[in-house]
Structures are given as structure tokens and as C-alpha cells.
Amino acid sequence: MIISIDKSKSNGVIDALGAASSRSGASIRVIDWNDGSLSVNVLGQIEPDALSHPAITAVHQASKPYRLASKEHREKTVVRVGDVEIGAGNPVIMAGPCVVSDLDQLVNAAEAVKAAGAIILRGGAFKPRTSPYSFQGLGEEGLQMLAGARAATGLPVVTEVMEPEQVEITAEYADMLQIGARNMANFPLLRKVGKTRKPVLLKRGFSATIDEWLMSAEYILSEGNSQVVLCERGIRTFDNSLRFNLDLNAIPFLKELTHLPVVVDPSHGTGKRSLVGPMALAGIAAGADGLIVESEPNPDSAKCDASQTIEPAELAAITRKAMAISALLNVEELLPI
Amino acid sequence: MIISIDKSKSNGVIDALGAASSRSGASIRVIDWNDGSLSVNVLGQIEPDALSHPAITAVHQASKPYRLASKEHREKTVVRVGDVEIGAGNPVIMAGPCVVSDLDQLVNAAEAVKAAGAIILRGGAFKPRTSPYSFQGLGEEGLQMLAGARAATGLPVVTEVMEPEQVEITAEYADMLQIGARNMANFPLLRKVGKTRKPVLLKRGFSATIDEWLMSAEYILSEGNSQVVLCERGIRTFDNSLRFNLDLNAIPFLKELTHLPVVVDPSHGTGKRSLVGPMALAGIAAGADGLIVESEPNPDSAKCDASQTIEPAELAAITRKAMAISALLNVEELLPI
Amino acid sequence: MIISIDKSKSNGVIDALGAASSRSGASIRVIDWNDGSLSVNVLGQIEPDALSHPAITAVHQASKPYRLASKEHREKTVVRVGDVEIGAGNPVIMAGPCVVSDLDQLVNAAEAVKAAGAIILRGGAFKPRTSPYSFQGLGEEGLQMLAGARAATGLPVVTEVMEPEQVEITAEYADMLQIGARNMANFPLLRKVGKTRKPVLLKRGFSATIDEWLMSAEYILSEGNSQVVLCERGIRTFDNSLRFNLDLNAIPFLKELTHLPVVVDPSHGTGKRSLVGPMALAGIAAGADGLIVESEPNPDSAKCDASQTIEPAELAAITRKAMAISALLNVEELLPI
Amino acid sequence: MIISIDKSKSNGVIDALGAASSRSGASIRVIDWNDGSLSVNVLGQIEPDALSHPAITAVHQASKPYRLASKEHREKTVVRVGDVEIGAGNPVIMAGPCVVSDLDQLVNAAEAVKAAGAIILRGGAFKPRTSPYSFQGLGEEGLQMLAGARAATGLPVVTEVMEPEQVEITAEYADMLQIGARNMANFPLLRKVGKTRKPVLLKRGFSATIDEWLMSAEYILSEGNSQVVLCERGIRTFDNSLRFNLDLNAIPFLKELTHLPVVVDPSHGTGKRSLVGPMALAGIAAGADGLIVESEPNPDSAKCDASQTIEPAELAAITRKAMAISALLNVEELLPI
């Protein structure tokens, strides 16, 4: 780590950094640049809180702030959800309705997305809604319906958990716990799911940097739960012509930084039904380990997110093409030059 | 409300909107534009979930999605914290250390900021930190220290609450509950503080729109707690030369939309000690009802946020100038032309 | 078009809108919502300048502000650059060095990218640089080298033009004129290239909305030049871990809005060599009509943009896989369900 | 400057940096961190183009990329426009209509804003418009009207210049040349105004970082024109509830980085008439050297930007309060503690 310091305000800071470094077994070396600035090179780790002294003008991390999530810690993680492996090779398709509201409809939807190639069922029992006047989900009754749909189809189930108190009950019914975008920095919730041994689908906050996202994964990993899948679901930019901007750059970039599997949510990532297919395939071409898609029969009458929910027939076409693109990426030599 | 519809996909949507409108006592009128689009004018309220049909290309809200937070509902709210009134006229200065770590130091800091003009004490007992390896606050022990500092100085206390389970214990000790930026859309937490009768300081999420912020206030108000103060604390933009960008446009804009008081946090809003003073005064000039500032003696050795913490002497200068600017704004005719 | 009006300030505005509408042959209809707001429905076009009256609280465009660029004007445009057709089916690969600095090196690079599957040569003679102290390109001497490389390889040439005065000389040498991201809203330059009959590669400004981008295309089209190709090259977001964020959502979205071909620049779009391949393939999977890539032998010693320039061998692999993905997208039924 | 290097790809890069450094008289020192990374410390300047080698993972600038614009080069610049000094102490008010369309109206507006305290007249002759179908300004005829209004009122005149070819004719009529936000990175235009000896008002691009803005100033300064005033006019963020977000953080931040005066445009910066006053005063409180405001009699009928144009009576109130706030900022001790 290299710490840049304004020499005119540096009184005491070198000593403080030296003390903090020696507490964690690191050593420091100071360079005077003769232009009013100093650098302190730290060999080893230093407490993050030591770095906010106002004489410090910049901190350049030679190594990343996360440890357990980094590729240096581990080369590759395969996450198991029921019998399904995420990160093992073939893209994993997760699909289902936005929200769970009726058992028959849910079983019907689960059978339809299974026939279309999905191998994990998604569906919301607890729903975070911007308006207090919108439908907020059925809660435990919804969880029971999800378990019913699993029994009927054999598909393992992923569903969102919104607060620490819901973790236990949700873990009883679900095979994978989803942390939604709005809760990516809900640290008590991250710690709580980190204490379970359920796999976690960690969605990216819509204005979270890559480093912040991996630090949230670090919260879960540091509690002992190694089964984390990252899910890119669209960021917020200046351009509001779509609800969100699916950030596919994150996929290959994460593959360089972390051993955790990465999947893509083109439904929330665009908010627009006609873009789900092209962006799903683009996500696979960028290297994603899977997709999570809102799909159910009669999407026009979906209880929420109708504008981004696709028909199972379209999901089937996406699945076929996604498998073909994924296979093609792994072929070394397709054609002679 | 005006709903725009793609005529080619409109099969069934008009009927569905009609049904949803009549359920809530509204009526609709349809216009055919002869260019492939229809408009549906809705007189009255309609369920938000009815608006996500994919044939709907745009929804133009004649009225705002929030009700209790809007200026149409109420002209002006004054929030009482202990004996202090926020929104009653004079700017209210809240100040104190980032985090509470020692009772003597805290009492010392509280006395110093009181002498500098602060009338509410701030300080963190539960701290949301990006890294799981950073200091996370003392929890209830910190709350006890805050109560001790109140006893010593008479200043009412505001402190952050991070999860629903902490609300009860925090409300026992604190005079005002702070919802931090990362929790602005933590809906279970909003509902929980809405169920108390403690005043709430609701910080803006750093990528929340004005409407989303007011919808979060609506969650609290709709539970029966009318004592909400909004706090602008910096948004995230493309420009990372500062940690955040304090968005002062929000101040006069909120004054047109809501009856709730609005304060400014120039410490987190800039992340840089030398900018705290100018941006604090700019916030008052823009019409803010108060300031919340990180300040303590010996800020260089602050346990966190040292780079944005100011000395009490600087806080005193800010207080004096803030009072003068506020007085000046209310003078109708300062000089003849 | 639907115009929302604040009734309390509406004095005169209805008359003004009526007058403006009748000047352009449109008619208006007024709705009173009984909630303090009025709506004016405009059937037909109205002058844009009539819409900035302060009583107007919102304007909802039933139709888009661009005309010639819209899909309603035309279903599909194929742009010809020399013998190459962009938008006709197969993805078009454009490649070459960032900047032109030496004829032998350029011919060498052109031969290498041609062997790797490129069918248009790119290279900069006029270079926009953030710093006045960076290398600014060779100007006309660079254009002559590009013409030399075309003579040697048969590849048509695309190169950037930075100001109206350079258009004539550049059009003498080049087969396609590039408008760079920083000049997307340089309206005099757009008009000038619109007056030529050379095809134009119009890069997206890095903070331009989709509508603004199409309005810039409209400037070129309205001067009579119909040969415009849009190029997504990365937008600026809050996340600066990469230089830019390639916005692939724009590809399928533009396909719904405009008849113009769309290509992707994964080199500038990410700024990072290791991401060029995955994002190039993702762009093709999203539906792009082609790629423009910085590539040359010995990219480590490239005179600029070395960190995003790839070797011709990697370009060859990208080309093969891009062709395969493109073919696959057009297959209706790949596998039985 | 500290350059971080990925050791596994570092082949040749140390030698290349050494060669580039010695070409510019700098020296280097290499540190091996024993974690797979190297650092190269450069004492002195190095060519920017040497820094894009792909083995370079980060560049930490000890000093800023601009020189002439930096505070190290010069402590303070006062810019003279006619008899007016910008940056000398009192805030300078510039005001006038958005666009010039009629001599009598312009003289009338100029007299009104002069009576309201403005000491420089603004008005557009060449207008950059997003739509090719909007009114584009009168060109030279507009410049003649501005000269007429100056003759009638004695106010010096600032007006925008959009392309290099317009610089000469505009400099004949105007006292100060404005570079608009869309042209902040139009480098040929910056060079051209840098070759004149007219003062320049350099608006910030709406997605330009502070460093990029100062680099654009550097283009002008490096041509020998030292008379540059920076103008903050709103940036683009995720929040589109206003047209732009006036970024007042830039004011005190620039005061630390540069000797150039800084003014604020609350009209374009918010796009909303009712916010112009509060944000103008906030700008002065943040330390701005002046304001540029769209104002004319009967703003509702302004030919463009009516929604952000204020009446001269409101401008007069802003001027009075701005003067009072500015005076107050300079008072050391307002009240005893």
C-alpha cells in the first residue's frame, strides 16, 4: 500500500501510521518527493481506520480490500443449490414469476419454466416496494407455496430475504437466499445470511462499485458461508430511457477479481420485455455462469413487473441459444484463419 | 394521470385499466391519437401495480406518488427533538464525533460543540462500515455514553439505527433516530421507526431520486409517525474527485414538494474537511433548516472519518455565519436599488 | 403530445400554445383535471421553443423528437463503405491502430488486421487529447499514410475528423468519417459532414442519452447525408473501476428506435485489453452490426491506448467467434425443447 | 508520480519507463512488493503516452496533470472584461436574455438587468441546440445587436462562440468569449480562443471531471491567453427530476486547485426558475466570484429557456442578497462565542 501525504500537514501522521503498522505486523518506508508531498510505503496490512487522517491525500492499494472474495484466496468456487451446480460450466437458468400470489398459478409457472429449460425456480414472498401502498408479498404463506412448487416440479427455489428476522424462516423453506439490490449494504442482514449454510444470491446495489459489491460478499464469507453467487442486475446512470442499465462489463471484470460465480438478471437490468432476450445472450457471451429471468404464462397479467416478464416460449429460445453460445465460447479453434 | 399505450399491443389493457380504476373509484377516458398510440386519462387514484402492462409505454403522473409527505397534504411541519424545534426558523446545528468510543472524550466533545453553537449532539453507536474488518461501533455501550453526554450537557441526542431489532433499544436512549443513507430503502426498518413516536432523521440514499426519498418518508409517515426530518448527505456522480457530491439543488426543490424540514450534512456530503465550511454556508443560503456536522477536539485523531471532521473553533465560525445568512435571507429589502 | 400545465400560472399559456400549434397546422384540446392542473393534447407537430413556458410542468411526447432517424421514417438502412456493407447481415469488423505515426508500421498493422478478419481499417490522423501536452496526431500526413495502407491492402479507411475545417481534406483521403464521442454535440461539425456524401461513424457522447444521440444523427440526416452508422463506445457512470462502461443495452434498444446500423467499440468502451474480447462477443450477441477494435502487432509499444489495444491473433479469435454467434442468432430453432 | 505494475506482465515496461523518463530529465526508482506487484517512483515529469502500457495497473499522480492552471503556478488571477474585474472581491453579476432576437428588446433587457445590478450583459448570437429544427440564433446580426446594447448601456458583453471559424468575428464584437458546456472538450476551439487576447468564460462540460475541466483551461492558457474564468453550470447525474444538478462542491474545491476565478450559472444549472434565486445565493456562499443569470422583462415570452429565465425584479433581490452574503463571508468575527 502506498499512502500519499501533504507534507505541510504531516505533523504526527508518520508516527501514527508507524504505530498502526507495527500493531498489525507491517513495516513502513517514507519517501520525500521534494514537491511538498511524502509517500509512505506500507509492506503488509494496516487497519483501515488509520487511513483517514486529513494529511493523507490518497491511498493506493497494492492489494484489494477484500481477502476471502479475491482470486488470490481461491481460484474457483462452485455453488450447489439442491442438485444444481452454479459455476461448473453450463449456464444455469433460474426463472419464475416476480411475486408469488397463488399456489396453482405458481406450480403452473414452475412447470412452464422447467419445460423451457430453467433448473432453479425464482419467486418473491417478501417484496421490497418503493411505495408503501404497493403489494408487499405474502410472506410465509408465499414461502409455503414455493415449497409446494418445488415438491411438484423438483426445482430448487431461490427467494429474497429482506431483514435479519426473516432469515431463519426463509432458510427453512428456500434452497437459496437472495439479497436484493436495495439490501446489498444492509450489513446486519449480510452477517445473518453469512451465519447460515444456505447458498446466497447477492445482487449488486444499483449504485455500488465492483469493490463495494465484493466487500459485501466479504461480509458473508467472513461469517463462514462460502456459497455466494454474485448477480448483476443493472446500475443507475444518467440515462433514464431504461429503468436500469445492465452492466455487462462487470462480468469479465469480476472473473479477473474473484472466484465466485456470476449470473445476470436481464429482467430487472433493463425493465423492458423486448430487451430481455438480447441482453441475456449478451450476458452469456460476456462469460456469465447463468441467468435469472422473470417468466410466467400470461405475463401481461403478472401481479408485478409485467413489463419485464417474458413468456416461457421466449425463455425456451433464450435457453437454447445461451447453451449454444456458451459451448461456442469454449471451442478453441472454430475455423482456420 | 395519463397513460400512454402502444395500440398494436393494447388488447385487454383498456379493460384492465378500467377495472382497476373502478376498484379505486376512479374513472377513465381514452384518446386515439391516430399515430399508433392511445392515451388513457385517469381521473382519481389507480393501484400502482396496474401500471406495468407491457403495452403501457409511459405513465405521466399528474399528481405525485407520495401523499402524506406532499405539500398538498400539509403546509409545514416543525419537528421537536427534546426542546429543540427543527423547521421553525433559526437553523439548527447538530454536531459531534463520527463514532462514540469513550465517555470522557464524548462528554468533552459534546461540551466543545455546545460551546460552538450546536444544540443537538450526534454520534454513532451502531456503525455501517463497507469493510467487515473496520470498527463497527460499541452498540448499547455507545448508547449509554450518549445518554451520559446528554446528562452532562443537556443536549438531545441523534444516533443511527441500522436494523429493526435495534430500534427499541436505541429509542430508549436517543432523542432522535437516524436512518443512514445505505438504509434509506430498508423498508422493514422504515416501518419499524414509523411505529415509534421518536423523531427520525432520514438521510438520502446516495443514488436515490427525490421521489424515492419522499416515498421512504411516506413509509414512516404512513405508520403514524409525523416527525421526519430529511437530510441531504451527498450523492454519487461520475466525478469521484470527492467522496460524494452534496446536492444542494435538493434543498429548494424539496421546499416546493414537501412540508418536512430539510437539513444538510456537509461532512459526509463532501468527505473533505476544507469543504465543510463553504458547503455548510451554501446549504443555509439554499434554504436548509439546519446542519449536521462531524466535529470534535483533535479531529486528526478521530476514530473514523478524520478527513471530514472539523475542529470546534471552525464549527463556531460556521454557526455564526450560518445564523447571519439565515437572518439575511428573511430580510425583504436589504438595500435600495 | 400531451402538455401538463400548472393551472395557477397558466395565464396566457393556452393561447400561446394554440397560436404555436396553428402556425404548424396542429390542433389542441384542453382537459381540466380539477386538481390544479390542466392538460393540453396537441394533435400534430409544435415548435420545440413553445414548450419552455414556466407554467408547463411536463411534456409527454407521443412521438419522438427525431424524424429522419426514426424507424417510422424508414425500416432499415445499409451503409456502404467502399465495397463493404454495414447493416446487411454479417458483422463488419473494423480494426487498426489508435493513431497513425509511420507508414511501414501502418501497412504492417493493416495487413495483420486484414488477415485477422477486419474488412475496414481504422486509424487516427487527428487526435483529440485531454492534455495539450499529449501527441495530437500527424494531421494530413497521417491521412496520406492511411491512403497508402488502403492502396497496399484494399481495405477502406475510417478516420476521425475534429473540426469543420478538416472535413474537406479528410473526405479526400478517407472512405468513412468518424465523429468522436467528444464531438457528438458539435453541431457545426455534424452539419458539415452532413453536407458531404461520405458515410459517417457517429460515436455516442459518453454522457449522451439515446435521444440526444439520435438527435445528433438527425443533424447529419437533415443535411441530406443518409449514410450514418451509430457507434456505442462506453458511457460514464459512478463506477470508475474501468475507464468507461460499454452500454450494450443501447444496441437492442436502438434496433427498436432507428433504421441506422449500430456497431460497438469494446476498446474505448472498457479501456482494458482483457475485457475487449468478452465485450466484443457480448456486443454481437446483443445484436450489433459490427465491431471497431484497436489492434496492431506489438500492442505494448502502441503510441497511444496501449492498455486497450489487442494483438491480431486475439482479433482473429474474436472475429471467428463473432461470426459464429451472429449466425447462431439467426437460427430459428436450434434444438428441440 | 507512482506507477503500479503487474510483475507477471512487466517484461520491458521498466526499461520503457526508464527511457521515457530520461527523455524528459526525470529519474525512476523501482520497488518490489513481493506480492506480484512492482512500483516505479518517478521523480520529475514523464510523457503521458508512456503510461498506457497494459502491465501498468494504476498511476498515482503526486502532482496534477495541469501546470499553468494550477495554484502552484500562480496564486490568483483577476480577469478584466471591459472595466469589470472578475475575481477581485465583489461578486460580478452577468445577466441578460438566453438568445438575441431583436435590438429594441435587447436594449430594453440590458437596461433592466443593469438597473438590477448586472455589470456584464450576456446573450446568445450563435446557439447550440439539441434539435436541428430549433431556432439556432441570428449569428453576426445578433453580434451587432449585442454591440448596440453595449453602446446603449455601457455594459461589456459576453457571448458564446461555437466553432473555430466564428472566433474572429465574435471577438470583433464581444468583450468576452464563452465556450459552452458541449464544447468544453472541443480542443481546436479552445486553441483558437487561446490565440486571441479576449477573456474567456469556460463552462464545465456536464459530465466533465474537475481535472478534465482544468485541462481544457490549460489548452487556452498554453496558447498564451491567461484570461480564463471557469463557470459551473450543472452536471448530469442519475437524478433527472431537474434538467441538471448545479455542482457547488466544485466552487470551494477549485479554489484549492486553481488561481482562476469561478462563477456559477444557476439558470442552466437547475433549469427551473424557482430554484435560480436560492442556488445563486448558495453559490456565492460557497465562494463563487460571480453569477451568470438568464433574465429579461416578460420571461414567459422568452424565445428560449423561458422556464429558467427570471424577471429583473428577482435579479435585483438576488444581487442585493449576494452582495450582503459576500461581505459577510469576509468578516472574521461576527459575534463573540
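List of remarks:
Letters are used for the chains, namely A, B, C and D, taken in the order the chains are written, and counting of residues starts over at 1 for each.
As a convention for this text, a contact is a pair of C-beta atoms (placed from the backbone, for glycine too) under 8 Å apart; a residue touches a chain by one contact, two chains touch by 3 or more.
Predicted model only: the values in this text are computed from it and were never measured.
Here the chain-to-chain distance from chain A to chain C, counted in touching steps, is 1. When you average the Cα atoms of each chain and compare centres, the chain farthest from chain A turns out to be D. Computed centre separation for the pair chain B/chain D is 31 angstrom, with centres defined by C-alpha atoms. Separating the CA-averaged centres of chain C and chain D is a span of 27 Å. Chain D has its Cα centroid 40 Å from the Cα centroid of chain A. Multi-chain contact residues of chain D (touching two or more other chains) are listed as 207, 236-238, 240. Considering their complex, residues 12-13, 16, 48-49, 52-56, 65, 128-135, 162-165, 182-183, 185-189, 191, 206-207, 212, 215, 218-219, 222, 236, 238, 273, 299-307 of chain B touch chain A. Of all residues in chain D, those touching chain A in their complex are 2, 4, 31, 33-35, 37, 39, 41, 43, 58, 60, 62-63, 207, 236-238, 240. Interface residues of chain C, counted against chain A in their complex, comprise 115-117, 207, 209-211, 235-242, 245-249, 251-253, 256, 269-270, 272, 274-275, 278-279, 281-287, 316, 320-321, 323-325, 328-329, 333-335, 337.
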